[in-house]
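Same chain, two partners: subunit A is paired with subunit B first, then with subunit C.
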Partner chain A sequence: MVSLLRNQKVRNALLQVLYVGSIAAMVLAGIVIARRNLADQGITSGFDFLFKSTGWDVNFSLLPATANDPYWWYFLIGIINTLFLGSVGLILATIVGTIVGLARTSSNDLARLLGRTYVDIFRNIPLILQVFFWYAIITHLPTPRSAHEAWGFLLTSRGLYIPFPNVGSAAFAAATLAVIAAIVLPAWLGRTSRLAQPIGQRRTIQFAAAAAALACAAIILAIGRMPDTPLLDFPALQGLNLRGGLRIPPEFATLAIAIAIYGGSYIAEIVRGGFKAVGTGQVEAALSLGLSPWRVFTLVRLPLALRAMLPILANQYVWLMKATTMGIAVGFTDFFMIVALTINHSGQTLEAIGILMAGFLAINLSLAAVFNRINKAIALKGNQLRG
Partner chain B sequence: MISTNSTGEPALRIENLDKYYGTFHALRGINLSVKRGEKIVVCGPSGSGKSTMIRCINRLEQHNGGRIEVLGTELNDDVGNIDEIRREVGMVFQHFNLFPHMTVLENCMISPMIVRKQPRAQAEATARLYLEKVRIPEQAMKYPSQLSGGQQQRVAIARALCMQPQIMLFDEPTSALDPEMVSEVLDVMVTLASEGMTMICVTHEMGFARRVADRMIFMDGGDIVEEASPDEFFTSSRNERTRQFLSQVLGH
Partner chain C sequence: MEMVVVAPPAPGRLEDLRRRFFATPLQAVLSLACLAIMVFLVWKLLNWAVFSAVFTTSGGPEACQAAAGACWSVIAARWRIIFFGLYPYEEQWRSALACVAVVVMTVLSCIPAFWTGRRIALVWGAGTSLFYVLMKGGVLGLAHVGEEAWGGLALTLFIFVTTCLIGFPLAICLALLRRSELPWISRTTGLIIDGVRSLPLISILFTFAVVLPFALPQWLQGDKLYRVILGSALFFSAYQAEIVRGGMQGVATGQEEAAMALGMRYWQRVSRILLPQAMRNAMPATINQFVISFKETSLVVIVGFFEILASGNAAYGTGEWRFAYVEVYAFIAFIYFIFVFSLSRYGAFLERRMSVSER
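And then the complex of A and B:
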């Protein structure tokens, strides 16, 4: 018996059992106590409320929503809003971060200084302050009647108005998916080893896939187009109001900008670190082979930097996804705000928070899983980055 | 276009070459002329400017004074000239510097396909030919980090040769290798020399130098202090610093 306890494997197993057991006991105790307390206060626990209608409205939704809709539908709306805001924010933050990060690694003194200033400013101001700042600026834009106009875009205190194709929403969603496919498909087809097919042939296949997807998008738009309307619907002033085009509400614009600018400053540092991790030796070897600086960038520096960046970038994305919960600060009905409103109106605090946590866990675990796949697929064989 | 058959002009002509790192005078008015097919071995103490000199030849370092002419083309700010010279001058580095995200074959094919616009099949045939020549044809589909140091350096030589350069530069190609791998790399270099390649090698492998060098260059303090045939250099150097250096590397 004593000798069994001295066995390392046995010890580890016992510790595991103790650890899991005590956590399970705590959770169980918590549930029992909470149920007792709720019952004492006359609040019924359980998930029946999900099927009751909410009785309140959301100010932003990609799906049809009325106050008669049940809670579960509102949760779905919240998750989709969070995913939508998160995707737009992450894409913009990545663009901003790449530009600033490259500026920080450039050989131009001014570009480096500007990049550095940007990072210093926006990384060191709390996100919530930046959200309030952009919200104040956007809500103080001119009224629709005296709006700025540029290329059919209108900046007003009621939101940003952009030209929009005159198509039904289903057709628009389908066309968007087709455009995404046009971007993802070539990358997916290119994931095989460079030598599986001749380079030229692979390029042709990638190009054909992208072209086919874009053609699909065009056909969908043409079919879904509303009869007797111009292809693009431009926003224009009619009376006191703006008609036509697509309105991006100030709340959404605020959050997308704030996440882009704030997230961009973190991503810029990741981009810079990635490029710094690329050995000068590989760059010099490429130059000595006669490759042009642009080719050295696309064939050597970028691919190696990406491999160094991706794991950290994935963490940053997960983190920025959680930053969408700032929606509650300006009244954008993201998942978190829907949950908060649900708690206010239904009193189902524990259930709603449980759903909130499960939802974010699912979103972020899927994001992490996708990045893990990409990471594995492009990881360097062995650990030689500097050679 | 660089002419390949003019026999008169030297492969490389360096006149009064000056190089500064900030205020540090790294190369002090160097003169060197290398004929086509000639093999030069450069040696000298650490920090004497050997790397700086050969890195100036393909513009990995920019020189501050004097003149460098490679295969009749002057190396100056003209990017066309720089590209032309880099196409014709191969370089092998101390730390191999292979592209870790490409297979051995891709390492060898990428530049011929992009810079020389070779069709893929031709680039692959050339790559396999040179991998055969450096005696690692069976490693073509592996990644660099899956190879030993000696094998990686031989891939690096093959990669440079795939561009079919007229001049090859070597910067201490065996200094980063475990002792038992040095000879496999030197053997490849000896073969290359016997085939008439114009070579400038920075190395402290004196056995190799004796076998292949047409001329020995000894550098110290940013200057060429002695230039002699290997026979003269190893047996009857009159230069004090050379003799001291030789006794250190030869170990007696």
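And then the complex of A and C:
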């Protein structure tokens, strides 16, 4: 027995079994104890509860939702809310971050100072504090009767009202898809492997594809329009309430603004880092070839900076998706809040936590997969990226 | 023929200004726009925060509400709640002293003379125990104050310090385990680290605060505060472990091989050769992680702790100061800003210093 322990291989195997075994034992013990404790409270474990109706409402949903809907439908709503808020926050944060990041890399001292002040202020204040702050601001806006108005947009304590096309939700979704296609299609066609034409013709084809997709969107909107209504529906006061337009609830607006501002300050730093990574030699070479500053920017600095930024940006986007869990601070029914409410109402603690983990794992992994694809597609082949 | 190269005459001040801000029409427009934005914002801010603000509590909330600018009297009236939460009034000097102890401890650990494993452990051990004794009392003639009465800045600092204190050694352990040559140990550890990293911190805090009591036997449950600290330490250590591992990867393999050839044992190799160099590599990223985790302590407000953000909500949420939310949030943001900004400036300084010494 002692001589067996002296054998390195046996010792290693024993060590591993001990380590993995003790962790597995702890997890198992936890689950067993939890099941017993829950059973004492009259809660049977298992996933049957997914098909029971919830009996409570969600305050924000892109899908139809009533209190009679089953739990699995609510989880789906939660995931879609999280993805929707995440995507909106992601797009807004990228826009803010790009502007601020470009200001920070600008040759103009004043623009740099402005950008730096922005980043220093908003990066150093916790996101949840910013969420509380914007929520307090928005909920203290005037009532609909004395709303702030500008260009058809209304700011009230009940949310932001914006003009909205007078179409059904299906037609609107289809039109949105068409607009997305108008952006994605040219980029996809721009890959050299897809089209063998010289660059001038390729441009024409790209523009044609974008125009066709946009035309599709316009046609869908025209067809899907409710009969006898103007194309754009402006919010307006009717009695004590606002009618028409699209209402963005205060909770959603708060989170989108906070994520855009806070995430934007991080993305600005990533953008700055990306541009700093572009070798000065390459910029000087482009300038000495006689390219105008704008073309140096679009043809040399931007593509190279994008490649340097993308992996870090992907991490930031994963973080942004996780930041939607701040929803619980203001009562926005994102995925995590649905899970927390489920635990409160049904008591199915273990199952709900399991679903939470699986959901976030799936979101993170698919985001990572998408970015790996993009990264691979735009990576320079060979060793061209040298300073 | 001899060429004489003469430096162009140094530009005058006006010429310099023109070159920097008005080189092209586009630059000029950009400069003027930035200047306009800056002047507008600074003027608005100064006007709100200083010129038309009310600073004294003499007029009460009514005088404050009538003023056009900020109402700093809410801070003058409620600063004790913001800083100390529900801590007993007569004992609040202890809470203040405890905060000072933590700040001194942090400043000390930023001085290179304290950067040996033993000294840093000593500073943090002493600082944290001093904090704990001051806050909790029950000894040395100090009245006992339970954790449920802790709040405000002191609670924020306590959660941050204990998170780091538990999380840092845990991170080193996790990094070493993940680097292990035994495949099952490194794989299992990798699974734990990646699993924790893929979850949002709020969900981990929630799990530790609300769900864990079901899964633990009675004698292991402990106070909710310590469970939440444990959860936040686990989250911190998962991120920090990857940073430490990155630092370890930066240590040349020759170093460990040389140590092995000298006959050093595993722990000697780790503590004398690997960790000192790895920690040095990982320093900037570590400071960054401290900054992030300090900001994230504010999330405990979600699971119902009375830390500085919650006490801020309480400071304006009750009664006559209800209108002064902007001022309270601005004040709390300012407190966070002081801590986080100085930490991150220190990190940037370290990074510069290290890049110079490597040259």
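The rule is simple: the second predicted complex is superposed on the first by the 337 of 387 C-alpha atoms of A that agree within 3 Å, B and C clash if a C-alpha of one lies under 4 Å from a C-alpha of the other, contacts with A are read in each partner's own complex, and residues count from 1 in each chain.
The rule we apply is simple: a contact is a pair of C-beta atoms (placed from the backbone, for glycine too) under 8 Å apart; a residue touches a chain by one contact, two chains touch by 3 or more.
Please read all numbers here as calculations on a predicted model, not as lab measurements.
*Asks:* Touching A:Gln282, do we find subunit B (first), subunit C (second), both, or neither?
*Replies:* first
*Asks:* Now for A:Pro70: first (subunit B), second (subunit C), both, or neither, which partner does it touch?
*Replies:* Neither: A:Pro70 stays clear of subunit B and subunit C.
*Asks:* Who does A:Leu304 touch here: subunit B (first), subunit C (second), both, or neither?
*Replies:* first
*Asks:* Of the two partner chains, subunit B (first) and subunit C (second), which one does A:Gly273 touch, if any: first, second, both, or neither?
*Replies:* In the superposed model, A:Gly273 contacts neither subunit B nor subunit C.
*Asks:* For A:Pro249 in the superposed arrangement: first (subunit B), second (subunit C), both or neither?
*Replies:* A:Pro249 contacts neither subunit B nor subunit C.
*Asks:* On the A-aligned overlay, A:Asn12 touches which partner chain: subunit B = first, subunit C = second, or both, or neither?
*Replies:* In the superposition, A:Asn12 touches subunit C alone.
*Asks:* I want to verify the contact counts: of subunit B and subunit C, which reaches more residues of subunit A?
*Replies:* C
*Asks:* After superposition on the shared chain, which partner residues are touched by A:Gly290: those of subunit B (first), subunit C (second), both, or neither?
*Replies:* It touches subunit B, and subunit C stays clear.
*Asks:* Indicate the residue numbers of subunit A shared between its subunit B interface and its subunit C interface, in ascending order.
*Replies:* Touching subunit B and subunit C on subunit A: no residues.
*Asks:* Once bound in the complex, which stretches of subunit C touch subunit A?
*Replies:* 20-21, 27, 30-31, 34-35, 37-38, 177, 182-185, 188, 192, 195, 198-203, 206-207, 210-211, 214-217, 295-296, 298-299, 301-302, 309, 313, 325-326, 329, 332-333, 336-337, 340-341, 344
*Asks:* Which positions of subunit A touch subunit B when the two form their complex?
*Replies:* 193-195, 198-200, 279, 281-282, 284-292, 295, 299-300, 303-304, 307, 378, 380-387
*Asks:* Under the definition above, what is the set of subunit B residues touching subunit A in their complex?
*Replies:* Residues 58, 60, 83, 86-87, 89-91, 93, 95-103, 105-106, 110-111, 113-115, 120, 141-146, 152, 156, 159-160, 163.
*Asks:* Inside the complex, what are the residues of subunit A that reach subunit C?
*Replies:* So the residues of subunit A in touch with subunit C come to 12, 15-17, 19-20, 23, 30-31, 33-34, 37-38, 106-111, 113-114, 120-121, 123-129, 132-133, 136-137, 140, 322-323, 325-326, 328-329, 336, 339-340, 343, 349-350, 353, 356-357, 360-361, 364-365.
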